[in-house]
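Next, two complexes with chain A in common: one pairs it with chain B, the other with chain C.
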Partner chain A sequence: MGVNDTYSRGRELLIADPVRAALVLALVVLLLDLVRQLVFGQVPVSQFVVLLKDGLMRGLFFGLAGIGLSMTYSILNFANFAHGDFITSGAFSGMIVTYIIAGGFGAEADIGSLALVGAGGSVFGAQLGIGVASTPLAVLGGVIAAALFTILLSLFIDRTVFEPIRDRSGITLLITSIGVAFVLRYLIAFIFDPSRRGVTDSNAVPSTDILVYDGFVSVDLHEVSLLVVSVLLMLGLHLLLQRTKLGKAMRAMSDNEDLARITGIPTERVIRYTWIIGAGLTGVAGYMFVIWNGTLHWFQGWILLLPIFAAVILGGIGSVYGAIVGGLVIGLTMSVSIVWVPTGLARASAFLVMILMLLVRPSGIFSGGSTA
Partner chain B sequence: MSETAEPDEASGASETAGAKQGTRRFDDSLLSVRNLDAGYGDLQILTDIDLDVRDGEYVTIVGPNGAGKSTAMKSVFGLTNRMAGTVTFDGTEITTTEPEDVIHLGLGYVPQNGNIFTSLSVQENLEMGAYILDDVPEGALEAVYDRFPILRERMEQEAGKMSGGQRQMLAMGRALMLDPDLLLLDEPSAGLAPDLVDDMFDRIDAINDDGTAVLMVEQNAKEALRRCDRGYVLVDGQNRYEDAGEALLNDEQVRRDFLGG
Partner chain C sequence: MSGTNDDADGKDDPVGGVRAAAEQLWEEDAVKLLGLILGIFALYLVGGALLDFGARQQVNLLANLFFYIGVFAMLALALNLHWGYTGLFNIGVIGFMAIGIYTTAVLAKEPALTEPAAGSIGGFGLPLWLAIIGGVLAAAAFGGLVALPALRLRADYFAIVTVGVSEIVRFTVLESDFQKMQIAGYFVGLGGGSGLILDFDPTDDLLEALGLLEPYTAFTESAGAALSLGSNPKPVFDSLLYGLILLVFLIGFYVLLRRVGNSPFGRVLKAIREDEEATQSLGKNTRRFKITAFMFGCALMGLGGILFFAVQGAITPSAFRPRLTFFVWIALIIGGAGSTTGSVMGGAIFAAFLFRGPLFIKNVVQQNVDSDAVDTFGQAVSPLISGLDPFPMLLFITDNLQQLQLVIMGLVLIYLMHNRPEGMLGHRKEEASTISLNRPERSTDSPGATPATDGGEPVDGGDTDE
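Up next, the complex of A and B:
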């Protein structure tokens, strides 16, 4: 009887919604194939766990960085293309502070090099032994600086660029934000020089190998740090949105701005806090990504913006929780997909997943949920 | 400029016998709108409007579609472009006051559409109603829950998942959180099932009986006039008639022209 039910439900789905049925079928085939590959040892279990870990790290970063993008969308009603360069700004500002603290405020190298200015590479992060364990204070200072600088930057840009055109359409704001993105990106390239530099000392990162079935999976402290920081910030944001008056006002405003205004919610102040929280998280995300990834360069954020957009759209643009879930889906897809496709197609497969999911749920996983 | 602009002693009923064209003005009004021109952007909808609501009074605005009823109400709350004339509330001129400041003065407004935060819970909607206070006023919250017990039952529910009648109650409850002196209601019966309309009017009566003045726009004109103290008939963005609700209801011409016989 149960089997019959399943059959008839499957038949109904096939007729009513062939796209969804095809997707479910494809997913089942992929999962079965994954099990086959794991069982027959074509993909060692430990290697698969490494992929999962890697995907989780990426996903947490996409989620954390995507929150700000989704918040500005829901409260200010535009897609902020300068968001990627906020990530880069956070990474650079944080790293400068880290370098200066780790470099003994000029003791180890001249302050200009420590501030990463100009011809890059005169000081390597490895030389200063930068790492969460080796230079904890420098990293802590970097996290704080990344958050603060990105907040100030976003408030400055909002005041000078976005506030005067607040009542224009989302398209006007979007195009303006592309302009802001270019300005920021090339300012960064101009000041800090367009080289790619290694910023952490990989030998100074404690790691441990964990035996997983048929092999070892290495977990290092920078991965744990990214995990802990992301989860704590996401939890904090959740509590803020659900428990505090400000958080509820933000949700109210993203839900119905006109009603928020006649309820006496000071909308400009809420907008300011939206930038502060969104940019703060974005700056920290950028910095933690660089700590995890170990390299820093001027168009990092721009490259990352595309999968972040995919994550946010997949989750349901405007929803904070959607950004987190979407980030995890995109991150995991990007890394796990290489079981089936060449590495070069990993990103493409993440976007494919986004497109396919949107065919089924056009407004995203947390559709219509706004910031709630 | 109204021709009947002699300010009367506000003794209530019988300054004019039957509904004459024109509009009385009152001296002791809680809300008084004088010679107001207003609209949206450059588009003028209202011309030379007078409106009064006295303390504790229940006033309705009726009139054909497009007469500017909702616009008149929005103008009181600062949601339109006010081009000429004045709006005074409780002795304070609020002609140019922004909506987010008007609420501080004791005016509550329930728009016709989009009057609740659909993704917030019932309780959170009510909390937002008291946003301008430092703390959620427990007394007011309890009073709203006592007035609309269904809201207490649904306290944790997402507001968007409630029925039309419950949404309307939540919207009113939200506006009552600050215990306003004057409640503005835009088409409170719109979209309600017929058997709920009477209930909604009963609830508005009860709010008014507890001392809150009500200014209401209603398309259900007969019922609104039957229940209110005084009514205005607006036509083409201008005052046409003003009188006690019953008087308007019994006036031949008003009935023929605006109440469908």
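Up next, the complex of A and C:
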């Protein structure tokens, strides 16, 4: 009965929507091929687990950073292209504080170099021994600074740039946000110099090797930190949205702004809280990504923006849970895809997944059920 | 741009009469464009003269300006077809440019039938004109491939898809697996991260085809000596000649797009921009119109990309980052989306002031100021704070003008979106109609002054002349 049901559903799908049927078929073929490669040892299981772990890390970051994008997208109705540079801003502001604390407020290196995150190769993260285990206070300070600075930055930009043109079309706001992105990105390059720098001390990160079937998979503390921070923040956001009045107001606003205003919801205040929550999460995500990744540079956020867009669209714009799920899907796609495609095309395959998703289901996985 | 009409009663005042005549002349688009471009050239020449530039430097400066004004105006025109006419929010311009030049490069490069040395890659050895046609067709075909499924999407999704596609193109040409391969005995490839060397010379090829290479070379020698351009004057003349070729192409683009805009086809596109459903209800297959318009625009972008990069000597994937797309957008928004003349003006203003201007200023400062800038922002700030000495900061700013230039562009974009989202000539957005849709003005009391502030000028029937 069950098999029959599936079969007839499949046939209906094939007739009603051949494109989608072809995609489903392609997905099934890829999965079978993956199983084949794993069984015949073309891809060692442990190596596959490493890919999964990498994808999970990336996915958590995409999800965490995507929440802010998804919230502003649904409540303010525009695709914020400056979001990637909020990520970079968060990473840089957090790292300034981390460098200053880890550098003993100028005791270990020139305070100016610390405040510029070692611009011009004056100080390196490894020199200061930065890491979650070696300098926990500096990292904690960095997380808080990243959140606070990104919140302030987003509120400032909203007040000066977006608020005056709130009533215009989404496209006008989108183009404006591209302008904001340019200003932020190149201002960061101007102040902190356009070099790529290592900011953590990779020797100071404790790690363990776990035996997985045919090999070892190493897990280090920075990966665990990214996992813990993202999951905690996502849980907190879930509680906020479901249990508080603010969360209810946000959900109401993303559903229907006019109705929300008529019911007496102070929409401008809700918008402010949207920026505060979204930007705070974005800043922390950017900072934790840099801690995990170990390098920092001025166009990091821009590079990450497109996969984040992919995650948000995949999950369904406006859905916080969609952003998380979409982030995981995109993250896993990027890392697992290298089983089939060359490494350089991993990101391309993530975009391809996004484009295909838009074609078969433009409203995303969690369509309709917008949560914030 | 047409000035104010505070002298509405200046009929019997000779100064006012001259002014009205000048305004009327200014209304002519060709005059406007010519005036703008000549003004820009004059400005740069004066700047160069103040710098004691030699003849060679001055000519190079002009050729350089010519080049960037030409390419940005062309690209803005192509984008105007997408956004200004049809309302397609394409932010993947650079991807189509990349397809154009990469196809041309692979088709036109000297063939390599035996395994070439490391770092060099062959092509198919076609004549350049054929390769250019191939590149344009490839860009159009790729545009069709993107448009077929993506045009169903909302404008903002469409934008994200196009920028995603342009990045996919960049990742593909960057990929080392496609760096070198063998097709039908030819060793060809996309060059990977190190890119492709363009072993053709468009100006020489053109002259040779016309049989003018010999007299041209002789001419450059004699003219170079006459103008004291120094030894080996040919490259200077080559760049000038290329500027002229670009000008011819630009005029071609302009005339073509104006004709398209005023044709029944163009009116359907504008109708789609205004209200797609209403257009559908009039029995137009809007999807087909959109795909055709998109492919046509992509072909023009491909050609723009070919003209942009064909003289650079080499192409590398890093040149195809999305920021060039946004440059074209800024040019279009400055000029005013929806206006052909505006697109060209926007391209010229962007190229002259936002794109080349800061670098020119940097050169001016660095030639005149005889000290080195500090390396980091911190070293520039500390004297400013401690001793109120702004000099290191100013030097640092000029030294890093390349980055600040983009900050300025961003600020200009934000300013425009706040205060003048329709750009310079966007108020003349062409209507989806053969006749003006505005109420005819009773303009007997103010002759000679018909400012168009609320969209459109009164036109006496016939074509809307933009």
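By definition in this document, the second predicted complex is superposed on the first by the 359 of 372 C-alpha atoms of A that agree within 3 Å, B and C clash if a C-alpha of one lies under 4 Å from a C-alpha of the other, contacts with A are read in each partner's own complex, and residues count from 1 in each chain.
Assume contacts are C-beta pairs under 8 Å (C-beta built on N, C-alpha and C of every residue); 3 or more make two chains touch, one makes a residue touch a chain.
Values in this document were obtained by computation on a predicted structure and should not be read as measured data.
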Fit or clash - chain C, chain B, common chain A: fit
Which of chain B and chain C A:Ile265 touches, first, second, both or neither: first
Inter-centroid angle chain B-chain A-chain C after superposition on A [Cα, multiple of 10°]: 90
Partner chain in contact with A:Lys245 - chain B first, chain C second, else both or neither: first
Greater chain A contact set [chain C / chain B]: C
Contacts of A:Asn256 with chain B and chain C, given as first, second, both or neither: first
First (chain B), second (chain C), both or neither touched by A:Gly41: neither
Which of chain B and chain C A:Leu358 touches, first, second, both or neither: second
Touching partner for A:Ala189 - first (chain B), second (chain C), both, neither: second
Shortest CA-CA distance in Å separating chain B from chain C in the superposed model: 16
Contacting residues of chain B [partner chain A, same complex]: 77, 79, 99-100, 103-104, 109, 111, 114-120, 124, 127-129, 131-132, 158, 174
Sites on chain A touched by chain B in the complex: 245, 248-249, 251-252, 255-256, 258-267, 368-372
In the complex with chain A, residue positions of chain C that touch it: 89, 149-150, 152-157, 159-161, 163-165, 167-168, 171-172, 174-177, 323, 326, 329, 333, 375-379, 381-382, 400, 403-407, 409-414, 417-418, 421
Chain C partner contacts - residues on chain A that touch it in the complex: 78-79, 112-113, 115-116, 119-120, 122, 161, 164-165, 168, 170-172, 174-176, 178-187, 189-194, 306, 309-310, 313, 342, 344-345, 347-348, 351-352, 354-355, 358-359, 362
